[in-house]
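The same chain A turns up in both complexes below, where it pairs with chain B and then with chain C.
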Partner chain A sequence: MRTLEQTTQEVVDLATRHFNVAAGSLAPSDDFFKKLGIDSLQALELLSRLENHFGIELPDYEVQGVSDFRTLAERIQSRL
Partner chain B sequence: MKSFSGKALRWEWRDGVVELTLDREPANEIGTVMLADLGEFVRAMKTFEADTAVCIISSAQKRGFSAGADLRELYHGAIALPAKERNSGVRRFVEQSHEIANAIDAAPFVTIAAVHGVCFGGGLELALACDIIVADKMARFAFPELRLGLIPGFGGIPRLKRDLGNALVRDLLLTGRSMNAARAHAVGLVAQLAAEGEALKVAQSTAAQITKFDAATRIAAKKFAKPIPYEELRREIEIFCELFERPAVLANLKKFVESTDAMPYLP
Partner chain C sequence: MLDLSQYQSVGAALREALTVFSAETCLIEADREREKERLTYKDFRDRAHLLARALQDYGFAVGDHASIIMTNQSKWLISAYSVFFTGGVLVPLDFKLTPSEHWQLLKHSGARVLITEYPIWRQLSTASERGAAENVKLILVTEAPPNADLTGAQRWEEFRSTAEPVFVPRERKDVACIVYSSGTGGRPKGCLMTHENYLEQCVALTSLYPFWPGVRYLSILPTNHAIDFMVGFFGPFTCGACVVHLRTLRPEYVREAFTKYKITYVSLVPLVLKNLQKGLQARFDALPSGKRKVFNSLVAINKAFTKGQPRLGLSRKLLGQVHEAFGGELRAIIVGGAFTEPQTLQFFYDLGVPVANGYGLTEAGTAITVNDLKPFRADTVGKPLSGMQVKIVDPAADGVGEVYVRSKTVMAGYLNDPELTADAFSDGWLKTGDLGRFDSTGHLLLSGRKKNMIVTEEGKNIYPEDIETVFESLSVKEFCVFAANYVWPKRSMVGEQLILALHLENGQNYTDELRGDIIARNNRLLNYKRVHGVVLVGEDFPRTASLKIKRNILAARLAQLDRASAILPL
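Moving on, here comes the complex of A and B:
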């Protein structure tokens, strides 16, 4: 079972790769909409990638209003 | 007309297979332009259906198959009309979309939707009119209409009920959540899963297999296996138009159109 810290790091690493940003440039507390400048459809792409990576389903309504990696990781953790 | 290039899509016929490519920025929203081009395709079907085994519908837009109805056009079109004419304007639009979906559903050739990215609302309804859905691993499916105070209006509920049953309809419809490709494959909505960016290639390979079969048998098999729920489709139009009359719907559309929310596509 992953710890929340491990899940958070995997979320940050996956977003780093998916959005092709420099390693180490994203932090758990970052607002990913502002930091990455992404829109709703790009957020859905990230959601698909996270679901595929963790092998879970994360309903959109559970991530609505979530904008930082740590809270996103908490939502994922509750489905693992 | 074996090839066509319109404002929202193009098609090309080759060796018994028609490839119809949706291509309207930003995400193949279904409005009057897309419907006009789809109507063109439906009218042209008569000219090539006798020597066509398969039609593949895919998207050239990076963001996906289709994000659904063009809500901006729907809103601006509705408010431009006097209140008493609003419902008849919407009814014409919905009737037209049903004619197109029904014609694709009943086509004598096999139809394959090759899906990537978003396949929401009207986009999902178009895919559901097809016989087989092939999706890449990043595809997502949703009926987000309830957030607007509406139900899907292009035939989605009767077709999803026909193909998969009521429980899945209720899950997607009543929560508005989007479903990933793996789950859609597990429940049978997606027939074949493809690697990222490979849905069209998998659809082409499937089409090549289908072209081997005898046309008369294929037509009889499809007709037997895929009855069209005309009565429920008519009922859907009536419910959609009744709901559209409520002021809350225009208010919800206005909110969506004016939203600066980062996630307006989510319910």
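Moving on, here comes the complex of A and C:
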């Protein structure tokens, strides 16, 4: 079972790869909309990648209003 | 289609539709690759009657208000119909608002009943503002897990009565829905939409974009939004068509739904349409050069043959693969909620996929103008729909002035706010606050806004007053939020931004600490509501005798500054 810290790090790492940004440039507390300049659709695409990675289904409503990696990781963690 | 002139209310028309089209499929609900539900009009009626009767047994009576806060799904429509059947007034709220905003609007609307989904209720039930909305007496929650603590709510699925409900008739002038166009942080604008508003709008819209049994509409825009309520519920239902709901809107499942369910119409906001365009363009660009040349030639041929009007059959033959990706049955994409860039509209039309571009605002029903495709024009928002009177007031030399509207689809006013209502109208004409002009062929061209607000590409209306609360007690002398284009008028309907005007205390500097505080507060807002930059003002804000900021005068002062250098980005 992953810890929340591990899950958070995996979320950040996967976002780093998905959006092709420099390693180490994203932090758990970052607002991904602002930091990555992405829109809500691109965020949904990231969500699909995360679901595949963690082997879970995350309903859209679970991430409603979420804009930072740490909170996103918490929502994932609750379904692991 | 039903002859809607024969009906007095939304409920009466829907009631007839459920009988006339009883054997037709009205709803399909899918969750990812799984189809969860498929209902005929008869199934729909049977389920709605169980709820309607239970509401009546509870004491829900004519004119009572019931709110729905749900994602797009079959129970949304079943609940709405039950409210209309029992003579109630529906208050559809945007499920994407925060719990605090929800409770604020629930209180303002006077809703006696709330119908919501379990995940939403989980957040609503623990919000501190819950106690303020004492008017909400009955709460029905869908899809709650077996052992869930509902904290005072009841299960929607168990709230039912098998006795036959009694249909409660309403008049055309009665209020059918209260639809909030803004005001989640400030002064709520609850548009009072009458039964006549919906009946008339439905006739006008379906004359241009008809539904019939067999048509499948993919419902993606939230159903609380005027567009989806009309073209994803009332319109298709009064024509015997079918609405497809998806419980997840991930792009891959939306794409799959087009082919799996052979979608006929879909409504999208500009952001999604642009995203689709980007994806298609990338696929076209990836074609080997030979194939790309052939493809471009086919597009050119399609363009030539569809110049005067769409020819769906021909376009589907010429550009079969593109149309197959959309399921092969798509007749038009309805786009709304915000301004769409002409090149995006043209891109789809050139592929033989007409985009029903239009212009509307909640206060005026669903749409004021719509492109009639005779011929297609990417540079305009179309012509006024039948029954709509549209005029340009105080036009400048180039013909641009404020757009005024008068029609049977225009709201009756704002709930509990005669002052706002009076401000919204002039001699019976609704003042839209948008700027535009008509060309010689009667098409409306929009060119900017007169009002202090922005509309995002996702179709969200943001009023500066609504987000100011987040900056309350900021350690400055005074502040005020503006739409940048309101201060510095710009002939543009895209890329709109909000700015925060700051007047610092004597001797105070705009420090990194202050900037950090503003950013932290800004981040508490949903991302599309955030201010883009700060403008420093060196003098006291002009105020009324009751100390309200005179926004128009302050805006005029700010306008003296150079826009580019005055805005300090956050």
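Just so it is clear, the second predicted complex is superposed on the first by the 80 of 80 C-alpha atoms of A that agree within 3 Å, B and C clash if a C-alpha of one lies under 4 Å from a C-alpha of the other, contacts with A are read in each partner's own complex, and residues count from 1 in each chain.
Following the convention adopted for this analysis, a contact is a pair of C-beta atoms (placed from the backbone, for glycine too) under 8 Å apart; a residue touches a chain by one contact, two chains touch by 3 or more.
Since this is a predicted model, take the numbers as computed values, not measurements.
By the touch criterion defined above, A:Glu5 lies against neither chain B nor chain C after alignment on the C-alpha atoms of chain A. Of the two partner chains, both chain B and chain C are touched by A:Tyr61. Contacts of A:Arg49 after superposition on the shared chain: chain B is touched, whereas chain C is not. In the superposition on chain A, contact of A:Phe33 is made with both chain B and chain C. Judged by the touch definition given at the top, the superposed model places A:Asp13 against neither chain B nor chain C. Shared contact residues on chain A (touching chain B in one structure, chain C in the other): 33, 39-41, 44-45, 47-48, 57, 59-61, 64, 67. Looking at the complex, you find that chain A touches chain C at residues 31, 33-34, 39-41, 44-45, 47-48, 57, 59-62, 64-65, 67.
Of all residues in chain A, those touching chain B in their complex are 33, 38-41, 43-45, 47-49, 51-52, 57, 59-61, 64, 67. Of all the residues in chain B, the ones that touch chain A in their complex are 27, 63-64, 67, 117-118, 137-140, 142, 175-183, 261-267. The touching residues of chain C, counted against chain A in their complex, run 32, 71, 95-96, 98, 117, 119-120, 247-252, 271-272, 275, 457-458, 523, 526-527.
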